[in-house]
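In the part that follows, the structures are each spelled out as structure tokens.
Two complexes follow with chain A in common, the first pairing it with chain B and the second with chain C.
Now for the complex of A and B:
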């Protein structure tokens, strides 16, 4: 049995940052990289399924895959430390400029090669939040799919799974779907574990398998801008409203806040 | 390629408000009087929903009768794709919602259509469609375009486009959805209930805590503070996910909307878009956060950069 977990190394902006000279992205010097928060939950869900497997944890292999340059190894090692058995990374210069759909095409190609029983992805990434990669990968594979899963009942190798989608307003929709399938996992489905120091050390020494587009049978024209459904024209910092800042000592700030509360609530206390 | 196709959002037999927002968004995208706006109503009994979709600005309602009684990703994907292939609209608008998360990317992928999600602005520039969305946790705006794409699917952010006023009498047509072997089955809807009977939607003054509180032991200080200042204690997602406060107190897209709130004090909440969806309309928002760059300061009326525990302590002494 095999579970494939697609992960992304996301970027957050430094407090001060500059837009790249071509105006299409932030200068990479100002980006702070980390494993996407959602992916921590989808990996944890896979690890829990593995641990609960009838044939013992050894009966289930968890493979994580990331489309990204070499520095994404850091996030993959985090996944290895938290319970993944193997880590794959796909990169090629031509992948630069890919949208989430082109990335999904690569992940689908990895799934064809690895033949997992289930593919998990995060609902969205914290940086560009397209909320599309997992479901687009399902379309390339023509697999059943469900998004925003907060509860899952699944036995590795089973033909069906029962899940709950988290809808607006917190209502849950329970549905059954055929497997193999692609599920996008929502925050809160579980509580991700922390990696132990020992497992972090062990992960540092484990191999990360590098895959090329050629090995996956993906043409260079199917990634990058030509393989994408959208193209970035311009990135800029918008003019936005900003709060009137309350300055001063903690006591002065709190006194002003207390006055705002009393003025608006009519509280005389 | 002309015309604009909208996909109505339906849940448990009712239209969702996002549908009306698409109608008003479509008005701005009309490039001429012959750019017709058609709304696809994909349901087991679409005729019943026709009155609700007969909104000003709608030229045609396309009733698409399907077997699935509730949202099913394959049903929506195949029905909308068949409609696009039959009608060849230049633009397809869907809500950026949990249901569209489940099928819109598959639709765009299978059809090879231009695609962008969480779009809050779009326009034609020199004949080319340009859509604007956020990037890097909404700290920048990103303009995207769709070179070489005759059909573009946009998923629009909620609460951006105001629903139209007034009704209309659009033509009602029907469209046969492709046959489908279902791969998913809807089983039930579950309302999340808890022993906590708080009604966040009715609260006029909310003190909300977020990830910044750091640990469960700190919740008590804010529970006591909220009671002292007369506020209802609320929270953002990480606090509810951790089980520190019940889900019934979560404000945001997957929680409650602070509908009646007039004063919202956000402590240790950075202001993720999903949280803002539930509270950014509140007339007076005060944000307290250690990070001067937190997005919450872009929607707040007043801001304090500082340690939330120190501010909370000092605030308590005034009540």
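Now for the complex of A and C:
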């Protein structure tokens, strides 16, 4: 009985960041790396399923997988500290430049190899926000899927899972899926646990399995820029808006404000 | 042999050999019970984790004897109780030594060597001293009864803030019964002793070697005269002596037998605890060795034998209960009840012949004797309890060790969890970029040296609050101005400084503390400086007391010490006397933790401030409520806060103009409390640094309320 959780090490902007010289991304010097917030929740959901099944007939194994370079190990260690049993990391120079669909192709290959009963992913990543990797992996696997899951009832080894999703206007969508299935997990489905620094340190002693494209049977041409149908053209900070501070006495400020409103609305009143 | 030399006390006169035999049998039975009790207690302590005794045992033994004999700690903040306890202690000690003297003469030296010394002049003085000792003891006991029965100080009512009526371990009447039984037993022993003595005198009034020396036992003699006046005959005196002798002896032997199982054992456990006292118990928390399996204290057996012994040292005097800021505002914590809960838990589980299964040893929870997480998280680690405890119980390390287990399980406030993650990620509790740590320097008209790049004389460890909190940044800039004006060669670590970790460690996140301390020590080691200065007492404490264990040995001073010196050396010149009425709030980590009481007061004097002390000052200073990571945990809505309690205390000072603090967290907490307690406009909260800055300028800046008007 196995749960596969796809995670990502995301980047957050530091103060006063600069754009990389090629203009397509932020200079990595100005990025702070961390585990994607949504993945904290999907991992927690898996750990809870495992804990609820503890002592039962089928032991649950949680495998986390990350497509990313070596520095992603830090996030994988956090996952191990929180209760994952194994951590896999797939990387190869050729993966650089992959879009979310190409990454999903790799994750689907990992799922074929690991044969999990369920594949969890976050709804989206906090840095690129494509919200497509998990669902695209489901497409590659041809598995049933559900996005933005806010509640899950699943017993390890069961043939089906019942879940709820929140739709617009406060409507709830309750679904039953056949397993294996792909679920993208929404924030708030649970309260992720705290990984103490000691548990992270202890996790540092555990191995992180590195997987190559070859081991997964993925062709280099299916990943990276060659395997992606979308390209980043440029990344930039738009020019500042026209906000200005109105100074002077209250009367002056009011008069100035009235003039701005008149100018903008074109009213003569 | 002269007349005097034959004077002594009859012991077993008129006893049949079988009666004497019975008495010895009872005596040995009592001693056997006593030693069995001691064995059970020692077995209980030995079931705790290992603890190193630390070195210098003879000096510490001497210090303990000094503390016990002087009653220094017992008399603190409760002089009458201290005086009464002193009477009981010395009375009991003398009577015990007296009884031991008789045993030495009659049972040991006499039978073995034929040596007897308990007669004559020695006996007369012995008799006088013991008679006085009995009066002392009775007087002390009488006062304690008056205190418990009539004065009824709230700290002795044993009301538990961490339990509700109806909870299985809410009821403390058992303790009250034991307290009274203890007092009455001792009083009965003393009283029957005197009546027995008087009866013996009446019985033996015909013997000149007894009767003519009766005034060497003044209390007994007065009583004997009274009995005679009341018509007690010689024969009746003999009968009374016979009956009372057995009663007195039986109660005394029962008392001895029960010592290890009752509160009487504090005679030994308190002395042991005092001797094993760690003078830096709260200032330097115990580390977690790499090979230690469990991070914090989960089971009662995770506490060291020394800690288990100290649980038994508690005499329920209530001084910690009284001093605790959490308890004062109605939080579910009393340090006393944490100790008593754990003691009850240890007695229940570890006094049994067989050690119970691990599941029954878990001290966390809401069951009898367990400690709830709400209780542990209410602690501010302000050290008020540790500081005032007369028997050297170290509550703070016990609470933090239990918190470590909660942190490991993630059982903490979500905001605290978030803050710890933020500190791990960014190195500061504000979640700001490392690059912004020194942003406050940008608006200064002079540069601040980068200690990473050039050697400085004084390395200024700025700390999180002083670096990032907008209000405190103004103080930080003012301090930079002071250093600049005094021509001090100083620098800061810029991005290479991290949160010092003092409060992270007190939260119980030891792993994160290790990371922070390691990072700072690395940065400090790479810099070249003579001494460290900081305006943050929290950073001051951990760098001074805890970094050495991680290889960071530095000379560090709080800014008050440095500024005091700069003022005295004339490197900072006061332009005008401020002439304002102030009170000074001792920060926990500067005052109680590191005894920095004088420098800030001396500075206030030099500035020409009129210092009016609050009732709770210096070692009894009242925590602002932000310590131990509580600044990252929201206070319960609607409940009083420690800072509010403190503001009301300050507001009671007539004509108070400035409430002076010297800690960044204090400034934040008290400026907030000033507003929420409705004292805004009556007086102001200021950092001492700001007052110094004002005194250096000829022109007053913004006058304090009531000053210029």
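One rule holds for everything that comes next: the second predicted complex is superposed on the first by the 229 of 269 C-alpha atoms of A that agree within 3 Å, B and C clash if a C-alpha of one lies under 4 Å from a C-alpha of the other, contacts with A are read in each partner's own complex, and residues count from 1 in each chain.
In the analysis below, a residue touches a chain if its C-beta (ideal position, glycine included) is under 8 Å from a C-beta of that chain, and two chains touch if they have at least 3 such contacts.
Predicted model, so just to flag it, every value in this text is computed and none were measured.
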{"item": "Partner chain(s) touched by A:265 [first = chain B, second = chain C, both, neither]", "value": "first"}
{"item": "Touched partner set for A:21, first chain B, second chain C, both or neither", "value": "neither"}
{"item": "Touching partner for A:34 - first (chain B), second (chain C), both, neither", "value": "second"}
{"item": "Residue contacts with chain A in the superposition, chain B compared against chain C", "value": "B"}
{"item": "First (chain B), second (chain C), both or neither touched by A:159", "value": "neither"}
{"item": "Touched partner set for A:199, first chain B, second chain C, both or neither", "value": "second"}
{"item": "Touching partner for A:100 - first (chain B), second (chain C), both, neither", "value": "first"}
{"item": "Partner chain(s) touched by A:146 [first = chain B, second = chain C, both, neither]", "value": "first"}
{"item": "Overlapping contact positions on chain A, where the chain C interface meets the chain B interface", "value": "15, 191"}
{"item": "Residue ranges of chain B in contact with chain A within the complex", "value": "11, 16, 70-71, 73-74, 77, 96-99, 101-110, 112-118, 130-131, 134-137, 139-147, 149, 183-192, 204-205, 229-231, 237-238, 240-242, 247, 250, 253-257, 262-263, 265, 273, 284-288, 292-293, 297-307, 310-311, 313-315, 317-319"}
{"item": "Chain A residues touching chain C - in the complex, by the definition given at the top", "value": "14-16, 32, 34, 191, 193-194, 196-201"}
{"item": "In the complex with chain B, residue positions of chain A that touch it", "value": "11-13, 15, 19, 26, 99-101, 104, 123, 126-136, 138-140, 144-148, 162, 164-178, 181, 184, 186-188, 191, 229-238, 240-246, 250-251, 253-258, 260-262, 264-265, 267, 269"}
{"item": "Touch list for chain C against partner chain A, complex", "value": "288, 295, 407-408, 410, 412, 414, 417, 420-421, 424-426, 432-436, 509-512, 514-515"}
